[in-house]
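Each of the next two complexes has subunit A plus one more chain, namely subunit B in the first and subunit C in the second.
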Partner chain A sequence: MSAAASLFSRAAPLLILAALWEFVARAGIVSPGALPALSSVLAVFAGEFSRELFYHTWLSLVRGAIAMAFAIPFGIAAGILIAWYLPVRVVLNPLLQCLYPMPKVALIPLTIIWLGIGNLSKISLIFVGALVPIVMSAYQGARSIEQTLLWTARSLGARESEVLREVLLPAALPEILNGVRTALALAFILIVAGEFVIANNGVGNLINLWGQAGQYPAMFAGVLLISAAGFAVDRAFVALSSRMLAGRQS
Partner chain B sequence: MTQADVSPSSGGGSDAAAPVIGVRDLDHEYRPQRGKPVLALSNISLDVKRREFLALLGPSGCGKSTLLYLIGGFLPVQKGSISVNGAPVVVPGPDRGVVFQNFALFPWKTVRQNVLYGLEKQGIARKEREERASHYIDMVHLSGFEDNYPSQLSGGMKQRVAIARTLATEPGILLMDEPFGALDSQTRTILQGELLSIWARSPMTVVFVTHDVREAVLLADRVAVMTARPGTVKAIVDTRFPEGMGAEEIMRTREFTERVDALWGMVRSEAVAAGAGGRA
Partner chain C sequence: MTLRKAPAASSAGSAVQSEIWRRRVDFWGPFVTIAILLAIWEAASQMRLVTPFLLPAVSTVLARIATDFASGKLLIDVGMTLYRTLAGFGIAAICGVILGLLIARVAGLRWFFDPVVSAGLPIPKIALMPVFMLWFGLFDASKIAMVVFSAIFQIIIATWWAAHSVEKELVWSARSLGASERQILFEVTLPAAAPQIFTGLQVAFPLCLIVTLVTEMLMGGEGIGDTMLQNARYVDSPGLFAGIFIIGAVGYICIALLEWLRRRLLGWQAAGGASE
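On to the complex of A and B.
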């Protein structure tokens, strides 16, 4: 199958869905309030709300990026140290076990009380949510390393800090990348959820405001845009991951 | 008899006569997180001479690998002592190179990078590192595969990389834990021959763990036969063939067959005791 044909076969379900959406809305099967036509949603991107929409989506993405920029290194370091040092495990593991199943959106009121309604509370929320899967994956990855890899490194003369950096970390990398991918998806949820409640800007706030004001095409455009951003980030991350793991798969 | 063995000339305490590895009264217990400790090794005393090739032969579960890990410094010595070049073993070190059955290659490194790793840790200058890596990659016949990743290699090639990586740091002692156990029989035979010729060219002290009687007789100067758990040394058998004989040549001799038969007789009763008797 050619590349064009394979691209088409993957895009076809989406195109069918888009056509169905347009048809259902145009034919009046559902009310335009519940589902505006796709064409009118897409028109928003060229219309009066366009600038506002892109600007606020940008603000949201920057928040997410800042939170991830902290969550990734902290999460990896924490996970590996938990796996490596018993005292760290004893202290941090119970905390992690509690945090793992907790719905992070439940922390929203708490972050408002502690950190106000500015950027800090939203970024912290995303940070905490993203941190958990990264820590877990780094921990699992480090725990599942083959003993003989560590022994080999030591017998070749590596010091403990070198064993951590040069053997344990790269050995755990496939697991860590899985964890970061999960964290990215969670981050998008928390970006929007946080902005619904505690923001005066950001795409989540816009979706909320436009929904309340009855600007349904604009609201749908906001949903579409942040979804597309989430999709693009995920695809880019998958591509980056397979590049980082190049050579490991046969 | 013991008196006569101690000739005046060997009593001088010269370097060559002193054992490179000395194991004394060694016991070792496995202490699982749950359940009772299991005695894996009991009362092991063993000397390995300089440039000797010693095989540890025994049924699976007899603790022969454990003994190797203790010599390597990977497990803590609990009772008794192990010395290497006169100093007690505490931690792993580059004086004792190690090759594992599962190859233990770094999958994120290419063949060359794997071989270079130990040389970097030894602080060897870049130019010499590169030269040595090429030399040892060539020695195990992997020239042309320097930039391949382990995932792109066959099992036999992976073990060649692991051997090159260990030899490159030029350890005085080579510890091998069933290094050919995961390979098909043809590849195993070829690698056994290559190991013999490498060892003939650059003699090291080798401790080689195996459960394969033929392999032990073919490769080793002496074979230490171990009992089923708890592992003890049941007998030490001389299996040296004249220097310069290749693997094929050795295997065609009558002595080879006889020694294999004799050792098999000793190992079989232990294998039966270890619960592997069903396989004959």
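On to the complex of A and C.
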């Protein structure tokens, strides 16, 4: 099968679902109040609401990006230090173990009373949520490294900082990338959930407002846009990871 | 498992000593840390270093948990949250495993579901919450449906890959020994795929708890999420922290139970599990 044909074969089920959506709505099988036709949802992107929609989605994504920009370096550093130094492990590991099983959305009400309903509360929520899987993965990646690699590096005269940078970090990279991918998915959940519960802007807030106002095509367009963003970010990250890991054996 | 320098051969005895000491610190350290942090927290709020509104004393929070327990509110909330989480998780597990097995077996289904599931997995399903509210209302049906929808993709994919990667030789030998398709499914494929399927379930469970909490915060109807958000609205911070303690404990116990169940059911399998 040629590349184009296989692409079409993969896209066909999604197109069938899209056609089914359009048909069910147009034929009046479900009321347009429950499911506006796909075409009228897509028309929103060109209509009067589109500016607002893109602007608020942008606000949400920027929050996510800022939180991730802090969570990735902090998470990796913390995870490796926890694996590397006993004192750090004794202090930080219990905190991690407490935070790990707790659904981070439980912190939404807390961020509201501590930090208000603006950017700061949203960004800290995403930061904490994204931090945990990154720390865990860096910790596990650093822990599972082969001892002989470290001994070899040391016996060849590498300084501790060099061992960290040149041996440990590359060895833990696949695990870390996995953790960051999980964190990205969680970040999207927290972006949307945080804004649903309480916010004064952002795409989650907008979806909520449009839902309450009965602007269903616009509401569906918002849902579609943030879902597409989540999908695109995940795909882009997978592509980036496989580039970073290219040339490795395992 | 932990990183350490190679012990010098000449000081083997002291190396063993320091190893024992290290293990002890590794084991008891976390408890000590938690105790110290709680003590600092308590002292800081008793001495009014922080506003009790922002950080109520640990003792206040614990007293609040006791009050809520005595009044029965705590049990109702925990019960509602657990009911929604487990109902959603159970439905997602049963449907997801069946779908995953079917997709692994039937080429036509695989053609249809492969793109749908791989597009569905990375999208933030929680964004569909208003749609679910529109379709299923504000009560348990829409909360549970949301939980199912959020968890099922993970479970389908885990099952599918687990069934897909069962060694073909096993299936072939069973078939050549005259096993029926039914026997192959229940006696070869499922047992061989069980560990990976269970890992998928273990990944999906925390998601169910997250989604239940958010649905409760948004739609109300009791449960820990509803109570926490109401406490935040009335700026009742002891109640808020009580909620965080409770949901942390619930999450911890559920995850530990799943791990226990794994060892119980899959004890014959090589060790491994959620960490892999």
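Here is the rule we use: the second predicted complex is superposed on the first by the 248 of 250 C-alpha atoms of A that agree within 3 Å, B and C clash if a C-alpha of one lies under 4 Å from a C-alpha of the other, contacts with A are read in each partner's own complex, and residues count from 1 in each chain.
Just so it is clear, contacts are C-beta pairs under 8 Å (C-beta built on N, C-alpha and C of every residue); 3 or more make two chains touch, one makes a residue touch a chain.
Nothing here was measured: the structure is a model prediction, and the numbers come from that model.
Using the contact criterion defined above for the overlaid structures, shared-chain residue A:102 touches subunit C, although it does not reach subunit B.
By the touch criterion stated above, A:202 is placed in contact with neither subunit B nor subunit C. Once chain A of one complex is fitted onto chain A of the other, the partner contacts of A:36 are absent, as it touches neither subunit B nor subunit C. In the superposition on chain A, A:162 contacts subunit B only, with no contact to subunit C.
Of the two partner chains placed by superposition, only subunit B is touched by A:247; subunit C is not.
When both complexes are overlaid on chain A, the residue A:151 reaches subunit B and subunit C alike. Contacts of A:170 after superposition: subunit B is touched, whereas subunit C is not reached.
The larger set of touched subunit A residues comes from C, when the choice is between subunit B and subunit C. Residues 151, 154 of subunit A contact both subunit B in one complex and subunit C in the other. Those residues of subunit C lying in contact with subunit A across their complex are 1-3, 5-6, 22, 25-26, 29-34, 37, 53-54, 111-116, 119, 122-124, 126-131, 133-135, 206, 209-210, 213-214, 217-218, 224-225, 228-229, 231-232, 235, 237, 240-241, 243-244, 247-248, 251-252, 254-255, 275.
Listing the residues of subunit A that touch subunit B in their complex gives 146, 148-149, 151-158, 162, 166-167, 170-171, 173, 245, 247-250. If you check the complex, the residues on subunit A that touch subunit C are 9-14, 16-17, 33-34, 83-84, 86, 89-91, 93-95, 97-98, 101-110, 112-114, 140, 142-145, 147, 150-151, 154, 185, 188-189, 191-193, 196-197, 204, 207-208, 211, 216, 219-220, 222-223, 226-228, 230-231, 233-235. Listed in rising order, the residues of subunit B touching subunit A in the complex are 69, 72-74, 91-94, 96-98, 100, 102, 104, 106-108, 110, 117-118, 121-122, 149, 151-152, 165-166, 169.
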